[in-house]
Structure formats: C-alpha cells, structure tokens
Amino acid sequence: MSHNSFGHLFRVTTFGESHGPALGCVVDGCPPGLPLRAEDIQADLDRRKPGQSRFTTQRREADEVRILSGVFEDDRTDGPRTTGTPIALLIENTDQRSKDYAAIRDLYRPGHADYAYDVKYGIRDYRGGGRSSARETAARVAAGAIARKVLPGVTIRGAVVQIGPHGIDRARFDWEEVGRNPLFCPDPVAAKEWESYLDGIRKDGSSIGAVIEVVAEGVPPGLGAPVYGKLDSDLAAAMMSINAVKGVEIGDGFPAAALRGEENADEMRPGNDGPTFLANHAGGILGGISSGQPVVCRFAVKPTSSILTPRQTVDRDGQAQDIITKGRHDPCVGIRAVPVGEAMMACVLADHWLRHRAQIGDGAPHGRKG
Amino acid sequence: MSHNSFGHLFRVTTFGESHGPALGCVVDGCPPGLPLRAEDIQADLDRRKPGQSRFTTQRREADEVRILSGVFEDDRTDGPRTTGTPIALLIENTDQRSKDYAAIRDLYRPGHADYAYDVKYGIRDYRGGGRSSARETAARVAAGAIARKVLPGVTIRGAVVQIGPHGIDRARFDWEEVGRNPLFCPDPVAAKEWESYLDGIRKDGSSIGAVIEVVAEGVPPGLGAPVYGKLDSDLAAAMMSINAVKGVEIGDGFPAAALRGEENADEMRPGNDGPTFLANHAGGILGGISSGQPVVCRFAVKPTSSILTPRQTVDRDGQAQDIITKGRHDPCVGIRAVPVGEAMMACVLADHWLRHRAQIGDGAPHGRKG
Amino acid sequence: MSHNSFGHLFRVTTFGESHGPALGCVVDGCPPGLPLRAEDIQADLDRRKPGQSRFTTQRREADEVRILSGVFEDDRTDGPRTTGTPIALLIENTDQRSKDYAAIRDLYRPGHADYAYDVKYGIRDYRGGGRSSARETAARVAAGAIARKVLPGVTIRGAVVQIGPHGIDRARFDWEEVGRNPLFCPDPVAAKEWESYLDGIRKDGSSIGAVIEVVAEGVPPGLGAPVYGKLDSDLAAAMMSINAVKGVEIGDGFPAAALRGEENADEMRPGNDGPTFLANHAGGILGGISSGQPVVCRFAVKPTSSILTPRQTVDRDGQAQDIITKGRHDPCVGIRAVPVGEAMMACVLADHWLRHRAQIGDGAPHGRKG
Amino acid sequence: MSHNSFGHLFRVTTFGESHGPALGCVVDGCPPGLPLRAEDIQADLDRRKPGQSRFTTQRREADEVRILSGVFEDDRTDGPRTTGTPIALLIENTDQRSKDYAAIRDLYRPGHADYAYDVKYGIRDYRGGGRSSARETAARVAAGAIARKVLPGVTIRGAVVQIGPHGIDRARFDWEEVGRNPLFCPDPVAAKEWESYLDGIRKDGSSIGAVIEVVAEGVPPGLGAPVYGKLDSDLAAAMMSINAVKGVEIGDGFPAAALRGEENADEMRPGNDGPTFLANHAGGILGGISSGQPVVCRFAVKPTSSILTPRQTVDRDGQAQDIITKGRHDPCVGIRAVPVGEAMMACVLADHWLRHRAQIGDGAPHGRKG
C-alpha cells in the first residue's frame, strides 16, 4: 500500500510540492527495450504547461524533464532504451513566488484541501498548495508519456466537452480541432463562445468547472479482471485522483440510469476481427473487461477555490475570517486537466495490459479470428 | 496486486460463482476485540437478499452466512470477539437452476460480461453469469457488516434516488421511509409512482437503470491521503466495481462543472468541534481527505442486459444470432445495489480509518478543540 | 498490504485456526484453462497429513479438500478447468480436542507464539495454537498444488537433510529414497539412525529441530527482478513465514561467507540451451534472478516448544509458573515441513513466472538459442 | 506490486544505476511532524561511503544527499519537519569511470548478475553493474535514516561477526569497538587479525565473504502479524534483498536445528514491564511477532565475483571466454553491508510499527503493566 503510488505492474510513484525544489516520479515495471528520450516526454509536458494562454495560470515553468535512471544507450542500442529498471523523472521548480501565499498560511480556502491537510497532518506546506497543488500532475503527464510507449496501436485523446453550463455540439466533434484552440475544445464554434465566457469569469476573479472526455482507441479486448481489478474501477480511481474531480463516467454514465435494457444494449454483428458492435453505450468495458471498442471516460472538474470574491472561512485558530485568494490561478483548472486525463488513461491501460499478459500471456485473445 | 481483493489494511478478498457450491470472502486486518456474531452480518445480508418483493429476482437464496475463522469465544470474552486474524465468511448456494442458462452458453448478451469473459479467459462459467453475477455482492455486504463495526460513531445509509427517468423530491427525503418500501426510496410519493412504473417494465420483460446515493455521517476528519490514496479515489473505485455501475459522483458531482467558484465554496464558520460548514458541495471530501462533513456518494446503475426483447448478437463461433434472455432476473438491479453501496462505503472508510491511524496514530485530529 | 496473503500475481490468502470450524485459502490470479481436480490437491495434502507415523502428531485429520470456486466443467472442457477467477479451497477440521488446551489458556509456552499473540491482540484462540498452529500449513500445501500446475516443466522436491545434530551423507543422496521412509530423508542410512534417535526424543517428551532442503529443477532463467522483487528475497520471506523456521539459505548459504571469490564462482561454458554452469554455489539465482540452474533453498526449523519437561514461565497475570505441555504434538515439526517448503517454493516460482511474463512477455529468454 | 519498492506502510522505492546521473529513493508513508535535515541522513551515508579505508572500493563518491520533497520549514515549525507527504532523496553520481567496464560489456562474470540481467531483459547497463551494483544501497541507507526517526527508543546496531572463516570471540563483543576500526568489528583482537587477512585477499586480487549481525534493542512487543506479515519473514526478505546475501538467520538460526525443546526454550520470569526472558534463542520474535526482547538477525554475504583471478565464462554470443575483472571493487563487500543491514532493519521495524498501529492503535501493549 502506498499513498502516492498508482498502478500495480506499471507503477508510478510521484513526489514533490508546488514550491519545493523539484517534483517528479519513479515509473517501475516498464518493459525493457522501449526507445525513450526526454524529448518524448517533453512533448506531453508542454501540452499541460502553464502560462500558454490567458486562460491558464501565469506561473512560468519550463517543466523541463530529466531522466535519471532506467534507460541505457550504447552503440548497440540504437538510441536510448528502457532497461526494465525503474525510470526516475525529475522536474525542477523554477518560478515559485512563495510570498504570494503568506496570506493563506493561516486561512482555509473554502472548498480547498487547506483545512483537510492541516486537520490530518498538523503541518502544511501552504506555498502554492504544497502537495495538493495541481502542479503534481506534471509528474503524471510525464509518466503517461512512458505508458503510451507500452501500448502500441492505442491512441488516447482527450477534449473539454463542457465548460460551466456550456456543452459542445456532438455533430461538430473534431479531434483535429482540439489542438487548434487553447481550450482543448473539439467543437470550433463552442471554442469561440467559451473564450469570451471565460474572459468574463477571469475578469470577475471567479472560476468555473468543466467536463473532460478521454477516449482510447485500439484497446485490445480482454484488459481488466473481476471483480476489484476491473478496468472501469481503476479508471474511476485514476480520474477521481486528479485535483478537483468530483465525478467519473464510463460510456453513457449517469444518463444510462434512465435507459431501458433494449436501449442500452450494444448489439453485436459478425465482424472481421471479433464482433462488430452497433453502439457503444458501455464505453468499451463489459463486466470490467475491455471489449475491443473505444474506451470512453468522462470526468467533472469543479471550479477552483482560489477566487477573488470574499468568502467566509475560519483561520487556523478557529476564528471567523473572510478570505480572498490572490496569486496566479487557473480560472478553469479543467482545461489543463485534458493531458492529465489522457496520461491517467494511458497509465491505467498500460498497467492492465501488463496484468493481462501476466495471467493470459501475449497470445491473441480467445475467440478472435486469426 | 490482486484481482479479487479490495482495500489495503481492511482487506476483503471475495470468491465464488453464481451457480458454484458457495461464495464468500476473507476479511483480513480487522482489529481484534470487536464483538461479532453471524447474526450481525445476517441482518445486512437479509436486506440484499433476492426474492423479497416482485421487483427483484425470484431466485430463493437463504444467504445464510457462516463464520469460519477469526472469532473466538470463551467465558472470558463476553460473546464471540474478533481475534485480529483473518475472518472467513461462507455462504452456500442453494437455489441454482443452471439449466436455465444452457441457452446462453454459446450466445453473448449485448452489454453483458459474457463476451468479455470469453475473449479474455477462453472459458466461462456461464451459469447465472458465473463470477460476473451480482450474486458476488452478497460477500461484499457480509464484509461491510464487519467494516461497520470498525467505525464506531459512523452511520452509513443508502437510498435509490432515481429509477429510469424518475427522480425524487428532495424536500420529501426521509431516511425512515427507505426501510418502509421495497424500493429503498426515501420519498414516499416517488416510491408509489416507481412501483407502478416498475410493474410496467417487468411486464414488458424489460429492465431499467437507477441512481443510488450513499451517505456516511460521523466520519472523522483526516481520512484519506494525497494523491492516489485519496478517499474519493477509493470510493470511486469501490462503487465502480459494483456490477452494472457506469458513473460515480462525490458531493455535487457532475453538476459541479456548471458552478462558479463562489457558488461551489463550502463556507466555514467557527464551531464547537472544528469548523461548521455552511454547505456541502464537496461531499465531505477536500483534497482527497475527509473534512468531518457527511461523505456523500452517488452512483449510476445501468439496466441489466438480461431482457425478453430480442436483440442482435453473435455466438461463440462469431455467427449472427438473436437473443432473448429467460431465467430469473432483477428488472432494476439498482434496487438491491443499495446495501451493496453501503457496504462498499463502509469498507472504504474502515480501510482509511486504519490507514489514517497507521500514519497519524489515534489521537484527536490536529486543529480540533478538545 | 495484507497480513495473511502471500504472493503478488499468484496470490494466496489463507484463513483458519487449528480448532475452528475450518481452514482454507483463496488463490487469486491463477491462469485459466488449467485442469484442476480436488484429487490433484489431495495428493499433496496427504503427504503433509498428521498421524501417518509415530514421528508426527497423533491428531487424525482427513484434511479433505473441497474446491468452492474458480473451476468449471461442461462437456466442452474435458474435465474441470480453472477459469481465471479466484479458487477457494476449504478443509474442515474434524478431530479437535480443545479441552486438551485448557491448561495453556493462561500460560505462555516459552518459545511459543502464545505470549506474542496475547501481548499484541489482547485475545487469543489458545486451542491448539489457534492461528499460530502449523495446521495452517495445510492451506499452503493446497495452494502449492495449484502453483505446480502453473509451472510446466518444473520439478520441485524437498527432503530433510538434518535432524538435531545429525546430517546426511551427500554421497548417498537419493530423491527416490525420500518417499520410502517416514522422515523424508534422502539417505537410507541416516533415515534408520534418525528413527531411533527420534524414538528417544519422543520418549523423553522432548522435541528437536531439523534442516529441510528444497530444490526446483527446470526453472527458466529470468525469474526475479531488482531489487526488492528478487527471487531469493521472496523465497527467504516464504520459508521464514513457515512456523518455527529460524534461518534460510540459498545455494551455499552461510558457508559462502567463508569462501574466496575464485571458489565461489560458478564458471560457465557454452551449452546447447544457454550456458552450462560448472558449479551451483549460487543456488540458481544471480542478482535476484534465476539463472536456469536448479534453485536450491534450505531452511532451519527449531524444536517445538510443546514439551513434557517443565519449564519456567509466567501466566497471563504475570505470575511465575511452571509449564508442561501435554496434548498431541510433533516431536520434530521439521519433518512435515517438507511438503510445506515445496509448496512455498512452488507458490514463489508461480508468482515470479507470472511477474516475468507481465514485464517481458512469454517469448523465449533473451540470449538463449532457439 | 512493485519490483523496486520495499515495505508497505513505510514504503521505500529506490531508483538509479551505478553509472547513471543519480540514484535516490522516495519514502512514502512517513508520519508528519518529525524533524528531518539532510545532515541527519548524511551521517548514516558517510558510514557506508566508499573509499574510506584500503578495505573498500577506491571509487570516490561524496554521496551527498538532497531532500527534494516532504519536509517543510517556517518560523512555526522549529526547523524542517516531515509533512506526511512523500520524501524524495537524491544522490548524484560524480565519480563514474565507465570505460573501466567496456571489458565486461560482452562478458559474464561468473556468480554475478551480468548474465541474469541479459537473459531477462535483453539489454543491460553494464557500467559498474548498473542496477545490480551495491551502489543502490546508498538509497537504502538514506531511507533507513528516516526510518530510525519513526522509531523512538529503538537502537539499531550492526557489526561484522565473521570474515572468511574467521569469527569473533563473543566474550570480547563490544559495540563501542565497532566504530573504532574500519571493519565494523566488535572484537578488537579479531579486527587486527582480519586487517592482515584482508590485506592478503586484496593483494591476491581475490575477494572474501562475511557474516553481519544486526541487533535492534527497545523494540516494543507486538510488531508483526500472522502468517505472511511476520516480522521475521519481512526481515528475511529485507536482508536477502541486499546484494550478495545468501543466508539469513533470526536468533539462533541454523544452530537451532540441533537443539532440543528444553534447550531452545526462552524461559520467562515476572518482570517490571512485561515478563523477563532468561534467554533469547528466538531472537526477539515469537510466532512472527516481536516479544520485547532484542531482535537479532544475521546474514551471510558471499565474496564478490569481481576478481583478478581468471575464470572460465561465456560471452554474450555464447562463446567460451576467460574473464578477469579490473576496476575498483570491494575485496569484502560484506564490510560496507553493515550500515545497509541496519537500514533494512530500521525500515522493516518502522513499517511494522505503522502496521501495528493501524490494527491495534497506539495504546500500550496488552498484558503489560502500566
């Protein structure tokens, strides 16, 4: 058991505080022989990096990753390759402004982890939220970049599908669009509307929630296991462990509760490589095990609690206070959660792919043709 | 790592198939000295038992539990008490009608685990769904009854808050009402409406989804840990591991995505024993750690895939077929999920209570008065 | 984490007390499709069964095992086969004479777990040693029988190589002989001598220690991992977890401390299927990873503390007392530890075989020909 | 499951290769509020540091440790204190001479991990042994320094008690002496003899084994658990995971096999704070649980396989070769294993102390006075 590790066979342990010297992770269990350079990881980190638009925190972090172990290169390896030993990744913090946080040293932001950390540990690194900061997710994204390498043929993509009360038009859903706007929005019309909506939120010193959807295509059938090692169970844990997430859905999710059995059935027809499904209400997971369909997961991110509107709170001594949070914050922390959600999906799938291989071996799935 | 275990320090391993000789579980890590009799467990099992109304499967199982180990009684112990060693619980299956299932031996119910199990394992105990049957949840409920004993002062209750498209009126929410109707409904008016709605579903040979809410009151602050041992992360995994669950929410859940920071803030005022919160959007969990407020969790259950309406599917050989599922099934499997959800909440909280005690000890939480 | 589970991917959880209703285990992670009948397990259990000679306890237990889950048979499976779901095994206790133990209810046998259990848990099932009884090892042997099925081509055998101060003559070592005498002795001359030596111990109401050697042949190279998932590290934990074991050695073990580098080197020559080793000081494990040589492990068992010679002790209230232990005990508990040691070796190897397959896949080891 | 983590609640994950950029560890689960400075850790590291006498490798490493996370200091904390979040420790490698190892790039040292790593992973960082180098133990020693802080009142000390065939005189055993000679020898007479003996080994370009004894005093009774979470089982795994260890003993260890029950009994008399034991054959552990007596553990270290005497081996292509290992090596790697053994003991005890507290709470042990 470990508080700060995730996964079983593809196992990620993260460390670091928002304003400490560095953050990073150790990835244990990665198969040997995979090509891995810092650049491969950096590309994903850059998508999550703060300060890239007016819609994210203005903290400037290079988020430059250094590989400390677990890869080896000589003239025989054709570039650096994983060796099967633990891969440690390090990202130094460079743009801390800890004095910004003196004001919240003794005050609890309503809805923030401030109070819970203090009540549990009796000590709290309040600078930038310390361990509870979303800055920790840089380590997840780095680990996710390695996880993707473990999963040949699997494509994992995420998008923001709702900001505040404003959703997207599914008819306009376009994965290409996601990279074209600063909001990871797959609908170009909604993207424009959201920008002006967010400008208003930002000017108000307020914040707003969002819903993110992550889809994995090319997932082989058979990943997952009864009844606590279910793929969806691990995905739910993974997404819910991301800062500010309050809900997770697989496939149709909550709306499935309103469906009748006939409506919810993903009917099957003969296909070339296993059955063809006529729908995907299940989100690619049946009985906790992947079916070969795209794995679809959504999660809800609440608005951040660091806002300029004064709120009632108490201080460390239990006295009544009002609080306003200055400093550099994301008006919609859900936006940068997209690469984080992708990384968690990648880590969960890599873990389950190794788990599957342990029990079943790496032959073709049963019942598939060829 | 274990496919069929749940929890870390309060650790439950379940076993058994729907139509095998027996099912049960081993609970490891339970503190010693707790009074425990089979009757204590039986009470919870009886709430989950099938065949108690026309709205659940007509399979007749006594679900009689036997304690095989981990308790001891002599004239000094004042009744049987836990000894700190593993507690094994056994429930024999008595009312299997396996021949009912010959028809699905070679057919995959759309939306069911049938296909996923076959594609993964190449062999499947198809009788009654085998390991994928909701019958496994009897073992969870039994374990949950022990978990409750580990949590003095914590009250865990669940209710169905939506069936199909029909919700409840929160103004009429009454925990007492839950035990008075066969649908675990906290709203007496909705309960009546649901009964006739479900009669229709049942007569159609169809099925319907539901949403269940579980609330734990009296949870001490401080349970949980950053950043993968979060209380909400473990709750999400726990609920998502229940059969047919497709979504999990903590506190406001998905609707929180539509809120602004000011609306979502649970403001705090001085209180007698820690702060008083003016709202509970967070569902009792901040930064993955309990705040002392009620822990609120909801989960969505899809309609069961065993229905009488013919659906298109394939058989084991990949040939196109139509399927109708006869046998004894729950028209709304969400109903009996209420005691299961409560049990999972109890297991997660017991586990986190032990985890908290390991790292912090059992003194009063920091920052609390007294 | 679990107190009563062993292994990671081939994971065994045992339960049960010496004089409770039953003992057993759950084996989780076993690959699907393996043929498994209760008879397969019973054969190993019968080798460990008490009451088979005058050198073991006279308690009469049939140790009949029942498979409760995880196997399935129909006309397509050609006998019962594992399904990949957890396999629960149950052995009912039938010959408890609990009143024999009333005398030790309040007294601590020097060298026994009596005191440690009471001081830890404050409650103790003292009947027959409760959970600390070697009776628990029946569950290990049952699990080991399944582990053997996971390891095609691996032969695991054990023998007693020392009883009290009396060793064997390695020149007379004969695996066939082990099954011919009641002492699992591989040296027919030593076997005779030990019998009369043990008769003396037994008549004195005393007990004596032993050393057991377990050898696994046919182990593929590559099992194990740096640096805490080492094969030898897990073997050490496994053997040390057996009742009364006080030492574990791999290969040359403690005598290796007296060797020089040249003497200890297992030189290598080209072979047909990987290198040929000219010696096996290492006991088949290099850097925590199997080399393809036989894996050799020895463990030392202390004499049991249940003896007729009076010893000084204290009672539950801390008062000085003398103690004599009557009841039915093994004069040399090491004898029946042979099948237990084999079972632990099998479980560790099965676990590591699955772990290896997870990270590497099931292709041929690198560097091997063919 | 994790290949490179150790412990359950006090959980240490190490990373790093001998000639990579850095090595280090993440310690997760440490209680909050403990004072911790890099200097506290450095003191232990300096005891293990190479190049301090002619009897250890001449590699010059400062082994300077940097704390990257998990501690916090402000004017309220009275120096840096642990926060309950993961503590990452980093040690940069500074004195690699990787070209020394080009010769073993394609050759397998007999008795070394070279071959096993290649056969498992198909790729190997051969520089200085890579991950299999004893250099990894620096991270263990660093983690052990933190573990010691978790254990108030516990004193953990180690000594070399045998080098090659030469033991110590127990009558001269003096813990103070251990720090006065470069061999961690508790017997001043033996220390002198060993020095000249080792000079001979060194001049021969050979190597030799050793036996280390580690003793923990002040361990509270009750640590450990049946039957796979035994304190001795975890100690065995811990010690066997140290490089080159081939045997582990608790208390009397292997010689206990030659004892009769009367001889091996640790008789008990009434004492002031729990019973007084008249002997400690058990090494402080009964039934896997600490008794309150000193915990005594010994382990055997084989001679290193890097020697100047030519040995027969094969190369990567399976061809016959002779090998001589140059480079900088410890003639007796057992010497520097003393602080490593202490660190492992500290980590195991810290882990079990937290595990005990989880299940039992932090009240006084049952049955103890006061």
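By written order: A, B, C and D. Residues from 1 in each chain.
FYI, a residue touches a chain if its C-beta (ideal position, glycine included) is under 8 Å from a C-beta of that chain, and two chains touch if they have at least 3 such contacts.
According to UniProt, the chain labels map to these proteins: A, B, C, D = Chorismate synthase.
Nothing here was measured: the structure is a model prediction, and the numbers come from that model.
Look at the contact of chain B (Chorismate synthase) with chain D (Chorismate synthase) and you find the same residues on each copy: over half of the numbers used there are shared. The chain pair with more C-beta contacts between its two chains, of A-C and A-B, is A-B. Chain B (Chorismate synthase) and chain C (Chorismate synthase) have Cα centroids separated by 38 Å. Chain centres here are Cα averages; for chain A (Chorismate synthase) and chain C (Chorismate synthase) they lie 44 Å apart. Distance from the chain A (Chorismate synthase) centre to the chain B (Chorismate synthase) centre is 26 Å, each centre being the mean of its Cα atoms. Among the residues of chain A (Chorismate synthase), those touching two or more other chains are numbered 1-5, 8-9, 14, 29, 32, 84-85, 120-122, 131, 225-226, 355, 360.
Those residues of chain B (Chorismate synthase) that touch chain D (Chorismate synthase) in the shared complex are 1, 9, 29-32, 84-85, 225-226, 354-355, 357-363.
Partner chain A (Chorismate synthase) is touched in their complex by these residues of chain D (Chorismate synthase): 1-5, 8-9, 11, 13-17, 20-24, 26, 28-29, 32-33, 66, 68-70, 72, 74, 77, 81-88, 90, 105, 120-125, 130-131. On the side of chain C (Chorismate synthase), the complex with chain D (Chorismate synthase) involves touching residues 1-6, 8-9, 14, 108-122, 131-132, 136, 162-165, 201, 206-211, 221-222, 224-230, 232-241, 243, 245-271, 274-275, 278, 281-283, 285-292, 300-307, 309, 311-314, 316, 318-320, 334, 355-356, 360, 365-369.
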